[in-house]
């Protein structure tokens, strides 16, 4: 087992201190930043897989995700210097009139774990704010969340704003308990994730292959 | 109580023989055909009201309706001679793919009882046939019935055919268990009856006031 | 053809949910009627056309349903799951399309079994598309051939149960309902219906036998349920609908005479009589089928259920999830409750059953006619009668006796404007000849012969008489 | 403020559906908890915007619902009907709109009474719109004022029952759920939640008193039901969700301390603990709320229900009719069954109750924690604790004891990867100070203070400490 494998393991265990220590150690040892990053992402992938196989809980994923964040913070300057960017840039938020966090937060966590750069706009987000943020950050993907059936129309309105704004490189995906594939199609969303766990694969498929 | 009141009463009781006898008697006595007709229609109105108040059953309405039909048959030549036409001409049928009779038959019965001229096209009726019949009989109203959710699209298709055919004096109304006011609006129907009993009022309102 | 001359269950106390003398075992090992009530999930498409073009979407719906249903059933640890595929007419007219759905469902069941160890089985119910032309041809023609093809191919593919809602006799029975004509109803059910079912169910049981699957049963849906819905809309008296229900048992029984083994079709509330007669397990539906229709028999219908169904629900989204999964959830909990009672022994189960019965029986004659006590009485009247026609009369008389006694004793709420129908119906029955031939002769002279093809009912000679 | 130091119901055998020591009588004469279980119908709009422009259509929906619901309840001779109007946020933000709906519903109830003699009552549940801004202002501002206005005006208009799903403390509790942090959950529920509810429910009971209506109760929906839904999606362990449920009772209890009389809100499954503590009747929901959400507690939740609810369903068309009417149908039959059992006396009712309990309790810790035996144990732990913080710890410890005992005895299926959470949660509890002040001090130093306004929870000094 290499030192980088140990780093991966520390992420999987959610052992924040050890993960940070090993990251610093690898940096000091002069390992390639992209290799250290790969070890971190691999850890989150393993946790994500365990989660999908119902061998891990969200709280465990969260701990792993925090360990990754702190390790990543150390690595960040080196990645910038090396011109290595996050795989994708994503904007997330819950649409206007809707205050539900949890689903949106889980998606943000999954995306961060996959090394996306995530801008979280919070809840009750007006449609314009989504468009602005997407433009400002040159987002690859925007995730709209809604839990209330009464705020589903706000989703539709937001997607219309995106069509008007003409940001052809930004895919808009939606999710939330009342959302169906049919609704996504109806309002012209680029994609739909039935749950947080499938949100990563969705983006990789939609944007990654484009 | 006049003789015409007795005729009305015979209709209400569904006493076919007596109704026919009294109709012939009034014809022979030289009563105005339109007055005899009014007595018959009044009988059906009373039965219809009783039905709406849940004091009569459909079988009783049906018996009354048959008594009226036979009496009307005697009266018909005189009405034609006097230039008295049925209040409205109506076409009814169950849409293509759907074989359910009963609802459609009840509407036809109610309309006949209200002295509409009713052309019943039966069940599983292609959209073109509805349009043809409406044109041929110069129908004031066309009633489309459907019981299956899978044949609701056929309703929509039929209404589209009517819009293409451009028959501005023909109102198209729909009904049947799966039909809602929303669906009626969505497919551009002129009206919607939630049950057979309300189908008469619907036409009087839609066409009568036009 | 078996002729049932005695009752399999003589004693009303033995008529009980989850238990029947002749359980049916599915390939996955569900023993229906063997001591557990199983959920039977029904589902249909949202409002959409079924065409060549839409078939991919159609299959997506059925895939979603079976995937989610098996998953939820496993999560709730259901001891088994029966799925009914009630075809839509275009799927019976085009058996290729119907079979696409059958394969999707069988695949889903297999995956559910390998993934979760879930026991599941499929009932396939082609449509009786013969009535797509008027007058219908009952024994020949493309419609008939395609319908039989869907049966045959479903059986070959491994569907556990075959059912149908057959409609022979409906050509005159609709008219009988609207005009409150008991004589014509008996003709439609016990002459025309019986003759058609003898023919059709000989075919179906033959197919089932060839493929080693179970011919399950039929339902008087188009007859007695139409009456129930009309009564619920206050179009016809509830006592008339209740009597129609009793008479309809004579028709639905023919499936078992031809070799059907159950469970009878969910919407056949006359299954209570058939369970007493045949001892076969029965599907029933009630309060948890409110997604498909309201009824006055929400609880009493569960009293003798061996599978418990939601009848039909479109695959549309509700707040809790897709509607079929919401239905399944409730069905599973309903079954759990019944199975807990069974686990405490027959006495305990009867306690629950009796609450179900009492819950509804005093409010509506249609509920009263379905109680275990009524079921055995009507069933006995049927088996002792010399032929289906006389069985129909006997069932009607027994039903009228049960209902009018209850009305007299205040045991069931029956209004005066309903009660007058007891005499009216009795007068009709009194006026009927005791000889079936005489009855046929007489009725054939009166009915509208343009609505049906007499020779398809072996009534051609009478028609020419 | 009442402080509950003893249990109103000491003995689990006395915890039963339809019966509570302190029944609530509506103006129409329904005695909730007085020996009958009543259906409580919930409903909401189909997917649509609520705006000035759409309000006519909004009102058409509510008119249709109340007209059809009262009619069907009368047809099925329901002994009473409770309607809950759970407002949608725009209706609370614009109380004029909310009141338009309230008037439509009260009118419909009155018509139902005069037309059919139906007993009916209305529960009005404004939204806790305070959280529409972040961090929320809990005791002032336009959102708060409009929410109170809808309470006040609904009470003045004659709504029988006032309820809310209050959210004070949710600012940190969402985070507690996602991170499986029991300490933070106790802070959200038993410190923040309790403080907010003391304030809010003093207002609500004051309004109710002024208008002579009943302050009914609250629910930990945003807390414990969020946990249940997450557990159902296998995001967090079910044992953790079950413990959260027990702890949440400490928060919801505050409504009764401030003068609420029940029936507690349908989705508050912690009502089982509150019934034992307060003796007030309780609304519950389970298998017949599958239209709104799936759950592992479909039957056990009925064991102590005084009203039985479908939680929420959109006014969309199903094959059987509009979805709320389909729900109502099932609810009425469910209630009939329970009421038949009650009619046979408490021993009989307990038999049915015990089947409901057994049906679910062995499959899921969240069901096990709701059984009468568990309810009394957790309730007792709460009332003997010196303050809400310690009550929260005690409820959690008692819940863990109940669940881990059951796991050890094989009485409830709890997997190994769930069972490790018993120790994990116990370690957390062991690590907590016994003094509430010390706990607040410590937690305030750790939480993200940007998510809530400390002074609205009387925590400002701690925040500055």
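We just call them A, B, C and D in the order they show up, numbering each chain from 1.
We take it that contacts are C-beta pairs under 8 Å (C-beta built on N, C-alpha and C of every residue); 3 or more make two chains touch, one makes a residue touch a chain.
For clarity, every value in this text was computed on a predicted model and none was experimentally measured.
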| item | value |
| --- | --- |
| Chain pair equivalent in interface to B-C, over half of contacts matched, among A-D, B-D or A-C | A-D |
| Centroid spacing, where centroids are CA-atom means, of chain A and chain C in whole angstrom | 52 |
| Whole-Å gap separating chain C and chain D, where each centre is the average of the chain's CA atoms | 40 |
| Distance from chain D to chain A - Cα centre to Cα centre, in angstrom | 34 |
| Chain C residues counted as touching two or more neighbouring chains | 44, 314, 319 |
| Residue numbers of chain B (touch at least two other chains) | 149, 178 |
| Touch-based graph of the chains, sorted into line, ring, star, complete or other | other |
| Chain-chain contacts as defined at top | A-C, A-D, B-C, B-D, C-D |
| Chain D partner contacts - residues on chain A that touch it in the complex | 54-55, 57-59, 62-63, 97, 99, 101-102, 105-106, 122-124, 148-150, 152-153, 178, 195 |
| Chain D residues touching chain B - in the complex, by the definition given at the top | 317, 319 |
| Sites on chain C touched by chain B in the complex | 44-50, 88-90, 131-134, 174, 177-181, 226, 230, 233-237, 314, 417 |
| Complex contact set, residues of chain D against chain C | 44, 72, 76-77, 286-296, 298-299, 312-314, 316, 318-321, 323, 325-327, 329-330, 332-334, 336-337, 339-341, 344, 348, 351-352, 355-356, 358-360, 363 |
| In the complex with chain C, residue positions of chain A that touch it | 149, 177-178, 180, 182-183 |
